[in-house]
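As written, the chain order gives the labels A, B, C and D, with residue 1 at the start of each chain.
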Amino acid sequence: MIAATLILLLALPPLVWVAAMFDRIGAGRGTVVMGPLQNGAALVLRPNTETEAPDRLNRLLAPGWYLALALVGLSVVPLAEDVVASEISTGLVLWGACEALTVVVVFLHGWSPNAPLPLIGAYRYVAIALPAMLLSMFVLIGAALPAQSLSVVEVVEAQREIWNVIRQPLGLPLFMALGLAITLRGPFDYADGAELAGGTSAEESGPALALWHFARAAMLVAFSAMAATAFLGGYLGPVLPGPAWLLLKTLAVMAATVAAGRFFVRMPPARMLTFLWVVLLPLSFASLALVGVEVLP
Amino acid sequence: MTGIAMPLILVLLAIAFAVAMQRIGARTDATWPQRAPFLGGGLPETHAWQRFHVRYYPMTLLFIAFEMEMMFMYPWAVVYVETGPVALAEMGMFLGILSVGILYGWREGVFRWQ
Amino acid sequence: MTDALFLALSTLAIWSGWRVFRVDSMVRASFQLMVSFIAVGLIAVLLAAPYIGIATIFMMAVEMMVMALFMVMFMMNPAGLNPMVMVHQHRFSIAAGIIAFAGLTAAVLLSDLPVQRVPEGVDVVRNLGHELLGPSMLIFETAGVTLLATMIGAVVLSAHSGRYGASDTGSLPPGLTPGGEPAGRKPENGGHHHHGGH
Amino acid sequence: MAMNWLSALARGAEIPVFAVVGAQGLAPVEGLRHRPGLRLVDSPRHARVLLVAGAVDGAHKTALERLHAQIPTPRGTVWWQAAPLFARGQGVAGDDPLPAIRAAAGADDPDQRPDVPPHPWQGMGPHGQGGRGMMGGNPYGRPMAMTADDIRDGLALDVYNARFGPFLPMLPPGLVLDLTLQGDVIVSVSVVSPPFEQGMQGDAPDLCAARMLRLMGIAPRAARARGALLALPKGSGTRRRLAAWLRGQTVTERPSPLPEALPGLEWAEAVLWLASFLPSHLRAACMPRQAA
């Protein structure tokens, strides 16, 4: 358990680096490998400017909470058979709680500077991220059905014969919608979008901004690891050792999420809200019903 | 117990890291022009914090009701395979009832900006 | 170790519960309450209720988020830029607090609490699921109907938009013939009075 | 030690630049977007260097100075094909501002605005924060927002009155609007000054489409941009105009006057609506009626 935690803590920074590289490739920018480190270092050395009458405590802590949620979410993912940092029998619910708290943290990040553009970003984000969370609940419950358990370890073990992505083909794409929402990306980036000049982070500078980007990438890593575990069989796979499979699958989901974030367009928020409730949510019902019929003896 | 000890330790580590990072570098006192909210050179009359007109408040109420229902689904998922068709029928009914709620909300336009 | 964790979490729960009434900002108050609930949820996990505990955290996160939206929307001075007192009716609330505390303490100390350790290896979530699909099925389904009623009630009371237009303009359905009388039941005395104002 | 190591690493970083687009500046700034060695950012808080590209009217001097102050210190300024409005930074007349930007990344301009709060508050009022009672006074230098009627659902909540622009990256450069917002919905609009002249280059379809797509979160690549149309409501003008640009046609529709068109729109809708017209048409629509 302690070993697994140490592995996570050591693996996270390089994975965040890789996530930043994917982002640079997606944006078509050069210096893919060193760019993120150099820009990060430059940002850390800049000052963090205070705004007029901010909520100092929440402004200081919001990036930290975001990172903490990414870490806790990551800690329920089993790295290999019987190797998991947080041994909890309701890992799927804990992951769900991390999603819910992410909404709170992004809201606080936009609320705390006391400035208009971050504030609008925060409120818009809540509107979209709350229903997006429902999608992930339905598809994760779909993943829990064959496992007959809420433990992430059991969810992996239940995929020995057939991966959930085959049993539940709609699950992964719908889960990806949530991934885009909690990592503030592309079509679901209602918090930090360009039409708000950076939204919740428009007033952030220096280390606080660097940290926010770091936490965002860490959340992408956590989401990708969770998606790989719940739908792609996690550490299961032939020849290679378990952790290697998990790593490969995590990287694949990460690349797919970055690509999806750059491919799909962001709708105006009200339109997205209707789309979520009227199209995506019924789809997630259908996905659950499908897997329900499939696993019946 | 161990199940929650590790997440708590991770939370403490992340917070400590975040606070330490933000203490790096010289912290100069910002002047008033530096603090002003970014509006592209324009200025606001008032503080941004206000009785903010949330445009999707009926949706949040619908959402809370839905969220309640999700909490029933987790234990249901655990015993689904053991219980068999009864569980399918029961949850089908439950979801059917709630779908009526979504349809009604859609008809009344709660998924739009008010 | 478990005892230490329990003490730390209960201290956190009580401290943040107290802070709810001491801070000026509605957002801070909402999320202090959330922190308090999270601590209680974690205590529930210590009490061998891994599902209920984590689910409490989950629920409270979204509920306090929505509560914060409404608090900021309707309260004066929502961010607490001017200091204010969050509590009203001091004498009455102090008395009520003392009585409630004394009553609950007496209840805890005087009643004969059952000591039933949950045996290792019991899957409480599974038991809960069997309960929901077995003896408590009617309750479970009633909850579905109750939640539907909640949804409809919430929409009726809060939404300004309606199927046939805004509610303050009557939201009348179109006529059965083009340009005819609005279909459906007529309001008995005059138009609606729905004009929010707080 | 760690600091030296960080500084060494930071030396190779891209210079974050906040571009203020002046007259005829839209197309040149677009050309900078893919230059290696610099990165255009959306907020001055993320920037190191202020780049003023194209002539900026003297009337916007104060706004520019405010923006300059919002770049965290140390900061530098570059005037690219623009007459300096204050005596800081370096001017560039040629086509390539990159060397000057590199030089400005080592500069440290002081604030141009006096260090005074928007309203005096220190030590005022019963708690010394400048406020009175629940909602009164100027706590920390500004009053609090007050309620007013709403145009949509009739809930009388607080309104936010502010001057937006002239250098907000999501609005047409130079456009200054006095907006009243309730939540993120625009309640009333008055045009303070029109967008800058951008010439023929600013009206190029690919440039216009790129600007609009960026606001919708994707990079403008023709193959995938078609899908962007689905994100906009069917039959809406914004969708029609984006479609025309993606086909390489010029948009001929002209905007109606902003004070009539914008109220009732959400922020994202309003921003897309403004971006869906040719800069020259928008400018014409905002010009004060000449005594004809």
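Please note the rule applied: a residue touches a chain if its C-beta (ideal position, glycine included) is under 8 Å from a C-beta of that chain, and two chains touch if they have at least 3 such contacts.
Just so it is clear, the structure is predicted and the values come from calculations on it, not from any experiment.
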Of A-B and B-C, pair with higher C-beta contact tally: A-B
Most centrally placed chain, judged by C-alpha centres: B
Chain centre separation in whole Å, for chain C relative to chain B (CA means): 14
Approximate Å spacing (C-alpha centroids) for the pair chain A, chain B: 14
Chain B and chain D: spacing of chain centres that average the CA atoms, whole Å: 30
Residues within chain C bordering two or more other chains: 45, 50-51, 55, 58, 62, 66, 69, 73-74, 76, 79, 81, 123, 125, 160-161
Multi-partner residues of chain B (at least 2 other chains): 3-4, 28, 32, 34, 36, 38-40, 44, 47-55, 60, 63, 66-67, 74, 77-80, 82, 105, 112-114
Residues of chain D whose C-beta touches two or more other chains: 43, 45, 70, 72-73, 118, 139-142, 144, 152-153, 155, 157, 160, 162, 168-169, 183-184, 266
Touching residues on chain C, where the partner in the complex is chain D: 73-74, 76-77, 81-84, 160-161, 166, 168, 195-198
Chain A - residues contacting chain C, complex: 53, 55, 58, 88-90, 93-94, 96-97, 100-101, 103-104, 107-108, 111, 114, 123, 126, 130, 133, 149-150
Chain A-touching residues of chain D, taken from the complex the two chains share: 3, 6-7, 9-14, 16, 34, 36, 39, 41-43, 45-46, 48, 70, 72-73, 118, 139-142, 160, 162, 168-170, 181, 183-184, 213-219, 224, 227-228, 230-233, 266-269, 271-272
Parts of chain D lying in touch with chain C, wherever the complex brings them together: 127, 129, 131-137, 139-140, 144, 152-157
Complex interface listing, chain D residues touching chain B: 43-45, 60, 62-67, 69-70, 72-73, 111-118, 139-147, 150, 152-153, 155, 157-158, 160-169, 171, 176, 182-185, 266
